[in-house]
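Next, two complexes with chain A in common: one pairs it with chain B, the other with chain C.
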Partner chain A sequence: MAKMTLEELRKLREKKQNEIQKRDIEGKDARIIVGMGTCGIAAGAKPVLDTFLEVLEEKKIDNVSVTQTGCMGLCYVEPTIEVIVPGMPDVIYGNVDVETARMIVEQHIIAKQLVTDHLFDRPAADIIKKDGGK
Partner chain B sequence: MAFRNYILVCGGTACESSHADQIYQNLLEECKAQGVADEVQIVKTGCFGFCEQGPIVKILPEDSFYVKVKPEDAKELISEHILKGREVTRLLYDKESSRKNARVEDIKFYQKQFRIVLRNCGFIDPENIDEYIAREGYQGLEKALFEMTSEDIIEELKTAGLRGRGGAGFPTWMKWNFSRQVEDDVKYVVCNADEGDPGAYMDRSTLEGDPHSVLEAMTICGKTIGATKGFIYIRAEYPLAIHRLEIAMQQAREYGLLGENILGSGFDFDIEIRLGAGAFVCGEETALLQSIEGKRGMPQPRPPFPAVKGLWGRPTVINNVETWANIPVIMTKGGNWFSKIGTHDSSGTKVFALTGKIRNSGLVEVPMGTTLREIVYDIGGGIANNKKFKAVQTGGPSGGVITEAELDTPIDFGSLVRIGSMMGSGGMIVMDEDDCIVDVAKFYLNFTVDESCGKCAPCRIGGRSLTNILEKITSGNGTLQDLDTLETIGEAMRKGSLCALGQTAPNPVLSTIKHFKDEYIAHIVDKTCPSGTCKKLVRYSINPEKCIGCTACARKCPVAAISGERKQVHIIDQSLCIKCGVCMETCKFGAVEIH
Partner chain C sequence: MHICIDDYLLDIVQNSFEAGSSLVELTFAETGTKLSCEIRDNGKGMNAEIQRRVLDPFYSDGEKHKKRKVGLGLPFLNQACEACEGTFALQSEVGIGTTVSFSFNLNHIDTPPMGNVVSTFLVLLSHPLCKELVIERSLKTEKGGETYMLRKSELEAVLGPFETSGILSLLRQYLASQEEELEQYREKTHLDVHRRNTSPSRKQEM
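Now for the complex of A and B:
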């Protein structure tokens, strides 16, 4: 790159800041956890994970971290994902495909509404608790 | 496409020497082989500080902290963690706990730390200027060039209360202001990266992990005092730091952040690296400047101070690496913010290289005012192998020992001097009950005697005399009179030496006599070394009640000093014994005893 002016430096910083912020875990209060066990991957969890990352990038949402986990035990509705947003119940969505993933970001993350068609139980450990895990 | 995982691999010297680079290469290959190369970013960062557990690999966003990773673990990390989302438990720092507890903030080593100097170490790729820029990099320089006057900058540093981190703790703003006020058309900015204390590696890690912070700070200083040329004096034994500095300077020049007309402001500034040959005395500022000029590194009388008359007789601001690394942060966050960290007379943080008999050796950065106990026990995890704490040596060969009784002293410039040690550059060596205090004093003294430039008599002759006496004491020939002589010579060196090397060289001796007089007396009067370190005072013998006559010790003894028939009690001939201790290690019945 050629020598920069002040303006160019500021622009570059802003651009790179967005990129590096994704690495920073502080300030990320919402989480999307994709079940990537063998069953999840076989049912198409991989493109779903990619979609989440794409959509979050596209909508410039930077407080959500996307992580993966092993099998959640709901193999009959794979791919499954868990969404944790402060102020909302933690939920598990099942049968998530690429379109559903997009919908989850738009409805659940942005509009703070549950995507009822794909709502499944919390994992068993949480159901056992009397207060339903909440 | 955005990355879904970030793998941070430590690229500090400590981890590199345990094949961190091979881990990095293997991870890259595995990512390709397993088809995730474009979804995962692998970054080689600076030192994480947790060197005890290296090589370290951290995977984000899960924040999994993998320790003691080997190159062959790369395949499993990618196939398990990245592909299937399952943490590789056997490599996690905290294997017992569930995934949540393996997070970095839960590791005790990091809990009490506060990182300003090391803010980017272990997070950014030090060989990529963009990553530094993304973390508010060169924002301080922007302010210095376009928004603030020289007076403003000095005022900001004054508010911050930043004091030099090289050892003496001189207020940085005053240094800069002296140079600024001298009228001269040529001035210089110098970075002292000649880190020489045994066991200290704060500056090396800072340069390796975040070289741009030093370049930015030096440029800011150039603008403030009116200098256009800077030098980084670094020892040739730091090849990785030098390599990264060279890359950083090249990138900064390409971006127009170094060189002519920086960011179109009309201000010119450039930096050159000067390699030192590793002489300890060249860490002393006047000797360092001599060395840059191409002369033999010998200290010069002060005043005149370098700030007024330094390199080639011109006003020169010379600061230590850690001091420089604080400056960009003070510029972006403000002096006020900085002054609230730490204590009243010492603001900010201090980086320490924690080594010796400590469980978690490594690089730690704590706010000033943190107590030694917190560093040794909370961050350092206490003494290794469940031994008993004996003392901490701060300030390297210029400092003194700090004992159990003073562990609750808050660390700041004033408090450490009051208890007879000093901040120094930040080496912190922990000793346990197995260390002989007289031997430790002898070790440091031998170091300063070796490194003395020989210019002034108090240092050259005094240091040699002190070592001779210590040698005498550890050989069992000392007298009580020697203790007084040590103190008299030490005091004379303090008063009469030309530079800090000689003035502080007797510190380890004087402070150990003060705190561990009993141990000196044991060497002199009882002719014993309580910890069994001083070979000449040690005597091995065989307990006739425990010896079963197995002959194992006699067969191992390298000088055939042990005699005895099979199934008979063995005897060590003291006139032949070289006190190597092999018999004691060999005996399965605990019959060999040390006195």
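Now for the complex of A and C:
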């Protein structure tokens, strides 16, 4: 792969946009929020975010919102992520490693089933008022 | 403690975003033996008293998390730099901004691995509070080297907002292609490949 120019990037973007419009949208309005505080980083939140992008790219799902937030108050089960899919309860998953991240895309985002082994409720009470975990 | 150098970097650049900076400039310069890094922001800055206290892991301004008694980002970095004959410096002025500079001696046995620079830049560029971020990344030796610049506003003008998985994947592809030039130079000049962008498996560490 040669060093890409901004112009080449623009062309890739246009190509992708056309593809999105053609495809029936699978991950529409789904959101993944990765806890990227000091605790999250130390526990490996960065490779987890990478895996989400990688698996979504692999499954050709372009429209899932992937964002980051600070600590959600569950430092003991980092990396933590929040997943919001319309028609499903908003949940926080904990102890998410790269394998779990793959499972969350396949099972939660695509098959609409909770990954119950990694379910860790909502943000802790003292955090939720301040930033709502978002 | 963090595992890789890029984890320390990610952690402290976030401070600049959270300090309300409209511009953050990051220099990430590597030679064969040394990594020098500087983060300059125009955020709210810190007074002398706070500057004195931020290296204490048991100090936090409590603004983000009301009851929290620890603040580990800067203390972690300071400790890691000290452990491997690196340097650490903090300059700040209220209302003007803050500059953090640090370096790692890449030949020191206690220097952490570099980590994944591409992922770190991706996470920083797409941080929700990042307004403008300019990154200058270089690898230079006496014989020459490679450099690239990244500017958030420029990239966003091409891609649109960094929010969805498809756009982030494109951005990652772009960043990887920039970083690859550096890696090719590294291989060509037979620089220590031990420090390349390989992040140890988290499982091994735990």
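Operating definition for what follows: the second predicted complex is superposed on the first by the 97 of 134 C-alpha atoms of A that agree within 3 Å, B and C clash if a C-alpha of one lies under 4 Å from a C-alpha of the other, contacts with A are read in each partner's own complex, and residues count from 1 in each chain.
Following the convention adopted for this analysis, contacts are C-beta pairs under 8 Å (C-beta built on N, C-alpha and C of every residue); 3 or more make two chains touch, one makes a residue touch a chain.
All values derive from a computational prediction rather than experimental measurement.
J.: So, does A:70 touch the first partner chain B, the second partner chain C, both, or neither?
T.: The answer is both, since A:70 touches chain B and chain C.
J.: Scan A:44 for contacts with chain B and chain C and give back first, second, both or neither.
T.: The second partner, chain C, only.
J.: If you stack the two complexes on chain A, which partner ends up touching A:89: first (chain B), second (chain C), both, or neither?
T.: After superposition on chain A, A:89 lies in contact with neither partner.
J.: I'd like to know which partner A:3 touches here: chain B for first, chain C for second, both or neither.
T.: Both: A:3 reaches chain B and chain C.
J.: After lining up the shared chain so the two structures overlap, which partner does A:16 touch, if you call chain B first and chain C second: first, second, both or neither?
T.: It touches chain B and chain C both.
J.: With the two complexes superposed on chain A, say which partner A:36 touches: chain B (first), chain C (second), both, or neither.
T.: Both partners.
J.: Is A:57 in contact with chain B, with chain C, with both, or with neither (first, second, both, neither)?
T.: Both partners, chain B and chain C.
J.: Which positions of chain A sit in both the chain B and the chain C interface?
T.: The overlap between the chain B and chain C interfaces on chain A comprises residues 1-4, 6, 9-10, 12-13, 16, 20, 36, 38, 41, 49-50, 53-54, 56-57, 65-70.
J.: Taking the complex as given, what residues does chain C use to touch chain A?
T.: Touching chain A from chain C are residues 1-3, 6-7, 10-11, 14, 64-67, 72-73, 76, 115-116, 119-120, 123, 126-128, 148, 154-155, 158-160, 163-170, 172-174, 176-178, 180-181, 199, 202-203.
J.: Inside the complex, what are the residues of chain B that reach chain A?
T.: 1-4, 6, 39, 41, 60-63, 83-86, 123-124, 130-131, 133-139, 142, 145-146, 254-257, 259, 261, 263-265
J.: Along chain A, where are the residues that touch chain C in the complex?
T.: By the definition above, chain A touches chain C via 1-4, 6, 9-10, 12-13, 16, 20, 27, 36, 38, 41-44, 46-47, 49-50, 52-54, 56-57, 61-71, 73, 97, 126-127, 130-131.
J.: Over in the complex, which chain A residues touch chain B? Could you list them?
T.: Listed in rising order, the residues of chain A that touch chain B are 1-6, 9-10, 12-13, 16-17, 19-20, 22-23, 25, 28, 34-38, 41, 49-50, 53-54, 56-57, 65-70.
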